[in-house]
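Should a chain be cited, it is by its letter among A, B, C and D, assigned in written order, with residues numbered from 1 in that chain.
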Amino acid sequence: MGLAPETVVERPRRAAIVPLREAISRTVADGCTVALEGFTHLIPFAAGHELLRQERTDLTLVRMTPDILYDQLIGMGCARRLVFSWGGNPGVGSLYRFRDAVEHGWPRPLELEEHSHAGMANRYAAGAAGLPFAVMRGYAGSDLVPHTDTIRSVTCPFTGEVLTAVSALRPDVTVIHAQQADREGNVQLWGITGIQKEAVLAARSAVVTVEEAVDALEPRPGAVILPSWTIDFVSIVPGGAQPSYAHGYTERDNAFYVAWAAISRERDAFRAWMEAHVLAA
Amino acid sequence: MGLAPETVVERPRRAAIVPLREAISRTVADGCTVALEGFTHLIPFAAGHELLRQERTDLTLVRMTPDILYDQLIGMGCARRLVFSWGGNPGVGSLYRFRDAVEHGWPRPLELEEHSHAGMANRYAAGAAGLPFAVMRGYAGSDLVPHTDTIRSVTCPFTGEVLTAVSALRPDVTVIHAQQADREGNVQLWGITGIQKEAVLAARSAVVTVEEAVDALEPRPGAVILPSWTIDFVSIVPGGAQPSYAHGYTERDNAFYVAWAAISRERDAFRAWMEAHVLAA
Amino acid sequence: MSSQLETQRTAGSEWTPAEMMTVAAARELPDGATCLVGIGLPGTAANVARRLHAPRLVLVYESGTIGSKPASLPLSIGDGILAETADTVVGVVEMFNYWLQPGRIDIGFLGAAQLDRFANINTTVVGRYDRPDVRLPGAGGAPEIAASCREVIVVVRHGPDKLVESVDFVTSVGHGAGRGERERLGLRGAGPTRVITDLGLLAPDPETYELVLTHLHPGVTLEQVRAATGWELRVAEPLATTPPPTADELATVRAVERTRPGAP
Amino acid sequence: MSSQLETQRTAGSEWTPAEMMTVAAARELPDGATCLVGIGLPGTAANVARRLHAPRLVLVYESGTIGSKPASLPLSIGDGILAETADTVVGVVEMFNYWLQPGRIDIGFLGAAQLDRFANINTTVVGRYDRPDVRLPGAGGAPEIAASCREVIVVVRHGPDKLVESVDFVTSVGHGAGRGERERLGLRGAGPTRVITDLGLLAPDPETYELVLTHLHPGVTLEQVRAATGWELRVAEPLATTPPPTADELATVRAVERTRPGAP
């Protein structure tokens, strides 16, 4: 009788509102599988930088759209493995630290588990739904299939049609950034809400940084609400998504995304910039 | 090359705003599979009554929660088959016309295809997603399984775990009621949004009755927006959900739901009431 | 049988068996728990609990409302007040797949038309499925609520036609044929841990998982319970008596009942 | 090659090859169609089309925005302006499962790092996957966009390193090895029906599905195109010339480009 801990989500009765340093130190250990999610919008930069300051290493980083934040984590050697579907600087081009790790193994080799967006989205959805896999139409004829062992096939028991199966994603920790939390730790985010709900519900523990603490959440059109009892820790971190943005609070710093190419192209310059702007912070 | 008409959704560029009579006559033929959906809220009573006035018959009626409207359609002999998961008068008790059809075949026998809510929800979701089936945890040990051939099992290609598969639902026509449509035929509904989005996206054609036409949809918290190009016909029918309700527009007529037991218990009294209150209308 | 008892108990007593049942059910819901509230009796008890010892009880309805705090009793699980007072409202696909299925909900709170000695639930038919004597509403959310919630509490009025040796149709699995069956079926929640009736409380035997009478409500005799139970009922040693409703509990039950649509 | 051409064409001409490419791409988008807009060039062309002949073009972005009407070009497909101006914003699970997968989207509008003679797309690696010369961003939404949209239009700058005999990695299937391969793979959309470059237009041969040059942009020679194509390019008979950009088209392209973040 009782619960199968592998498959059933265990969560506290309610989120604890704590400083970011504590939220990260109490959830992320070396070697963990961590998803810092966000689809261009609400990227949890501040939480990712806290990972760097706490010198977490051997992480498996999960994200549909690894961008500058993951370029920084990879370039600083935090990551052993990357599970992803699109690794670029949106609208700008390459992520040079990601490329350097994959092309030259610097500062360390980076294992890749590579999917399409549809595949990653369905993997998170299966994790959130407590299923071991998801069914989809996808990858047919793509060279991703022979390189990714979390893509297989499944046959429809009604029609006999062969479809694609992808295995569930269950991060040890999911970290997201949102606009608001109330005093109880209930969280609201809006704008492009991406995969954040599934990423939180699929994870064994969840950390949310927010722009603002409010007395009561006033429901917004298109908002995702995450009840306090689905979250472990909430940290109040205004501007915690910069240079990404928090719809209604901050603007995306597109100039920085463009500038990142020059900052990150060379190893030494990148390291110096990180020392000055992230580690020293 | 080209599209497989069985599996790919074809829709007009945009919904036509027409009288209810025309919307029903142009979409629902005798023998069709029709889903008039709504989870207690936004039940499309007016559209269902139009089906009665147009004397449609041999219908396969689909609905998670067949209630008074389906009791009326079944009692008037419109339905050959019912695909459902809960057939009662919510908070009151039996649906006597549904019971009479199942227990005594009056006015005609009613075939049942019976599921749980979770199964029906996943069947609609598979239909909306263009998949032939959905994977879930459900029905294990339930006597529903030997009586329902749209419930089977599927094995996870990663873990070997055996899970439940349900076949996709693809109604010929889905009919729903919503609060608002704009001049382009874009639709907004809010409150308890139930299964309506999936039911519309799973169907081969879709009809939406609305409380009100507005110049522009002002987004509401928790709203579902159905773009005009996912709908065939929109009809403006204020009060079209009564005695159910439209959140923000009308109240649920709970007294009528309670009164329905007495109205519907006897065959002749039921028929007389329908003649006077529905067919004559 | 219940109604006869009703009169009998009400005469010269300050509460009815129905009120005792509601109070006993409400006591089972701990503050801060998440509770998926089934149709009927469970809704009343859950809203009583929220007004008494469990102000932070999270009420989840299969219609998609999460954290509803209704000031008055809804008639249906889809009444507007459940959405208006909710922390969030989700679609039913999300409700069943993301919230119920993975085992996030602590307590599934269900009623039953028939309940058998292993707490299996029938809400489908009395008689044969293909030729029913009484066609009941059907499964609704119950099979997956009974499967996936961390535990299940069943509320049912006592009667030999309701607590039966074996149900005519297993709509929702309790403990199947007994020990080990839930694991065999891959059901991940603990299943029914408590059955609350208008006469007493039952719980599954930790070895056999057969329902055993653990409590009599005040003033109820073991003979009354045996007469109202459709199988050779086993009784816990010692057999306890349910604490009577406190004045506060009784006042709350009555206040909540007065908010039911159509209440006198 | 493109940049050399750029200078050459710009000298004494009133438009650049890049502008001609954007105009030609925009012309392919019919009013009222639903278009899933990929990253980069497609976004510019789609927003030009919306300001010209296709005011009711429905722009869908894989970030979840449906019906976006941005007044200025976004840098990324997740910029706030896409959500602010959308008819609705959905989560990415819903976007891929309910909107893209069932074939609701008329046109998938994609770019490519490499495109081969059968219109297969590589956005993953140049060189070997396990030891790449250049690691590219990867698949994103492209494999399922290419699979499920009713048709696919590819926009790519012409160059022998881009239009190659066969791609180093098939990220997204165009026509595979040719006729019949999409059916064999169960791909339900028609696949790439048009390839637009800065030199001309290509389309799959209706028999072999090999890409054939159907149009030269004004002032471009067949020799330039052959030199910029990595395979023995077949040419349609007769070979047409793309109508030059109208003043209105050119003005609109330049107005839209001026709204790009970081534009001079």
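Observations on the model:
Everything that follows uses one rule, which is that a residue touches a chain if its C-beta (ideal position, glycine included) is under 8 Å from a C-beta of that chain, and two chains touch if they have at least 3 such contacts.
Here the structure is a predicted model, which is why all the values come from computation and not from measurement.
Number of steps on the shortest path from chain A to chain B, with steps defined by chain touch: 1. The chain pair with the larger count of C-beta pairs in contact, out of B-C and B-D, is B-C.
Mean C-alpha position of chain A lies 29 Å from that of chain D. As a whole-number value, the distance joining the C-alpha centres of chain B and chain D reads 40 Å. Chain C and chain D have CA centres that are 59 Å apart.
Shared interface positions of chain C, defined as residues touching 2 or more other chains, are 88, 97, 101, 148, 188. Contact with two or more other chains is made by residues 125, 130-131, 136-137, 161, 197-198, 222 of chain B.
If you sketch which chains touch which, the pattern fits none of the simple shapes: not an open path, not a single ring, not a star, and not all-to-all. Pairwise, the chains that touch each other are A-B, A-C, A-D, B-C, B-D. Of all residues in chain C, only 32-34, 56, 58, 66-67, 87-88, 97-98, 101-104, 148, 150, 182-183, 188-191 touch chain A in the complex they form.
Residues 1-4, 7-9, 11, 13-14, 125, 128-131, 186, 197-198, 201, 225, 227, 229-230 of chain B are the ones touching chain D in the complex. Those residues of chain B that touch chain A in the complex are listed here as 130-137, 150, 152-154, 156-159, 161, 163, 165, 167, 219-223. Taken together, the chain A residues at the contact with chain D in this complex read 39-41, 64-65, 84-88, 90-92, 94-95, 98-99, 102-103, 114-118, 121-122, 124-125, 136-144, 147, 161-162, 191-195, 197-198, 222, 224, 245, 247, 251-252, 254-255, 257-258.
The touching residues of chain C, when paired with chain B in their complex, are 39-40, 62-65, 74-80, 82-83, 88-89, 91-93, 95-97, 100-101, 124, 129, 132-144, 147-148, 169-173, 176, 181, 185-188, 261-262.
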